[in-house]
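Order of writing sets the chain letters: A, B and C. Residues in each chain are counted from 1.
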């Protein structure tokens, strides 16, 4: 438990009091101290669980989940985090196609929240919709709490929206921090967030956007690479630029994968759909134009197919720093010759990084749990200190 | 905790010992003391949760749920109640269309109950079926318990059947009691349970029936209003008449919404299907006559459309006592111009009552929890006294 | 608690230390002591729960379930066992038709296991696939644990595969042991595992295989009876022969139901599909030949219909030992004139044995819990002794 004690001392120096009773929707709405506190709490939670202490924060309570898109790993990460803290997941299954509006959102948000402490939402399919929906839910439960309808104010965790994927980017970042031996070692490191070819269509932009919106805060050289036409949301690029400037790092966009990989310390090659196409799709859905959607899909797949050379190959990897940049992915990856004929990454590259990739994913339950702890506990430091003194066991035999 | 202590003193005076190991299927099967005890326990549970005490009654155990019709709010209320008491919800998903009979019911009821403490069932679609099914399940587990197959006798909670919707009517009543400052203030108050127009079809009768079956027990003037042809089950009207007589109140049926609303202290305008039509639909389902069902649906929608003037308007509300009767609804309501073109209630009326409406809904988790506590704990008073002394926390930080 | 104390003394004499951190996939991979220990622990768990002690082994943790075939009773048994021990079930729902391979299995297995203590899998549809899949998952999480990705090694419980159905056969056996007053009374007893007619098709072989693979270990005369063409997997017959020899019992295959029933102490008449047909179906699925599957289905139903005389009738029952052999079934049974026109068993036979049949099923939650306890607790004896001293209650009022 020495590790936890050290982390706790570091946590004490950070100012995170504004996280109390607040949602976690976009990393760039959180201060540097708040981001750092989230990493510390995630590491503490991991350490105490590894030492068989149960960080149960609730004796009862619901963690509502609402997945408007498929999910396995985030679903399990959310369930794990909730369970670790003593909450029970209750899924709100509205059917994926049904997009609730106005009155309905307000009402449903309250109806499911009488005993809810957290609400986790994935809503990443439609540009301009997902994050907006989360804010509608947040406003509704805030009002319900003020009006005395809800006894507690459930806080929201963004499990992926159209703009950001904070539980992913934060897990990725914690993986980087722990791989490089501390955030202090990241200054000047080069990270390439690169588009890569995939035979599938319409992957959300929230991963590349989340990465450039977060990784620019640590003094790194962040390069976003993609073919022309695969631009991300301009607002997020603005965030990245501002972050880079403030942190003493840099943010650059290029249309060359080779340029991005050259001398990179970290590479993150991953497919996504063009922002404009996703906007168009959102419109078509709004109009119920399913023929239009089919046509768009065909068009996009053809457009993707023009960029099959955007693959993370062994030869590209050789051009990275010492030929062994840290390869990252949010998983599942489209592995050439394994999960598809031609894909995002050569299979020998993927194979070599399998253990670090799985480790990268393993941070997500702790990141989510940390977000919950920091929004629910007024004084998490005091709680952790009490915990480690009493040592309630997770495994009781 | 003063509030709880006072409620506990009141609870002690009531005779509810017959609720132990019993189901909660119809409110009119419970004595006045038992109904009163349920309200007291619900209020106690709410108060102690608000004071951060965990009323965990079980260290483990299942709360089986079986929803043969869609549900969001009752599903979440049941899950919240179970979780609050330490039970885990396990859903039995048989597919909505499959109606099990005889042997199968007996067997399944036992197979799911080895570690079940409660079984909550919603089965409200077919007249003559839902409540009967619950009784079949109840008999099966009773027998299983007697035969030594089950180590405990899971008790049933009716989460809405063809006859009654006790968790709804009890929540509604508790809302009324708390709004009017106590059951002693309700004598002579007028409540209008009125049909209202909706463009949808086949809404269950269990809400109006539950309301007239329960609200007639408190000395109120209960008026049931509906267009000709929208009669409820005659047996339930008989219950209402008998209750009214015993409680010193009155029960009246009228075909005029205006008459019902005039000088009313409470109004509950809500759509439902005619009893005869629901009976016919049940028959058609039994015969597998889907064309017949479609024809019936068309016919019923046309019949509804003749009564679009049955809307809870501002001008109708002005005719109520002091022009500000308490407006109630089980939600979701069909709000004119919001959730449909023409509906049950004018949007400005609904808007004005949103907070009380949500509050009304907020009682349901506690009502369900109270039903569970009173059927599982032999001496709930002793348990509550022990609880409040030890103050086990719900939120542990 | 005298019963538990006695069982605990018996448990101490058994060598089960190799079960720690191991899966439970096939009964014949476990030693006699390990099988005996599982029965003892199941009986202890039942006794202490009946005495209102909570055998909570975990303060938090997930019990992942993956059902690649429908299930009600095993699903509820698994949920009950997990809940009893303090684990929360999290279902991995991949869609029944999707058969994951290689890379995907390895990755998914790790992604769902960060906080998983147990993984329960049902995968019984395709010969040569189900058990193989479980071993793939097991290898993946073993590797993940070694690589430091997983903090604990989730152990697997086979909830039915193509080869064995250990949670069923072990529950059945515990029912036999308790019915006959101890394993020592079983030497020389005759048990008939017999095919029986059913109008349905493609029932898995894992039940008869599980029964002959396990019941041959106790010195009993085990007879497997089926019409020609309904052979089970030859490997499992080999296991049965070897077991019988070692235990001083016998194993015999016959094509006569009458011969099997004659003087039997226990009968287990149940339908299953021919092994060859199941192999062919697996191939056809692999080829996506759905017309072929339909044709095969028709052919198999016709083949079944030639053996309608394979029914457990009253007159057959009269030929058993004292005319009252213990009738067993994994449920649900195809009862002639009740669940189908002609089926596995005459309704009066089934009726007479209903209570013992339900009791037989009631062991499954405890058998599953025992499997989990023995694979997770390094020293279950010490844990049980600690438990019974502290007596933490399951029901707290």
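Here, contacts are C-beta pairs under 8 Å (C-beta built on N, C-alpha and C of every residue); 3 or more make two chains touch, one makes a residue touch a chain.
Values in this document were obtained by computation on a predicted structure and should not be read as measured data.
Visitor: Rotation angle, chain B onto chain C: superpose the C-alpha atoms of these two copies and give the value as a multiple of 5 degrees.
Guide: Fitting chain B to chain C on C-alpha positions yields an angle of 120 degrees.
Visitor: Taking all residue numbers at the chain A/chain B interface, are over half used by both copies (same) or under half (different)?
Guide: At the contact between chain A and chain B, which are copies of one sequence, the residues are largely different (under half shared).
Visitor: Using Cα averages as centroids, what's the distance between chain A and chain B in whole Å?
Guide: 41
Visitor: Hunt down the residues of chain A that sit against at least two other chains at once, touch-wise.
Guide: Within chain A, residues 56, 86, 88 contact more than one other chain.
Visitor: Which of the residues in chain A come into contact with chain B in the complex?
Guide: For chain A paired with chain B, touching residues are 56-62, 86, 88, 90, 92, 102-104, 107-108, 110-112, 114-116, 144, 147-151, 376-380, 382-383.
Visitor: Once bound in the complex, which stretches of chain B touch chain A?
Guide: Going by the criterion above, the answer is residues 46, 49-50, 54, 56, 72-73, 76-77, 79-80, 83-84, 86, 88-89, 331-332, 335, 338-339, 355, 358-359, 361-362, 364-365, 392-397.
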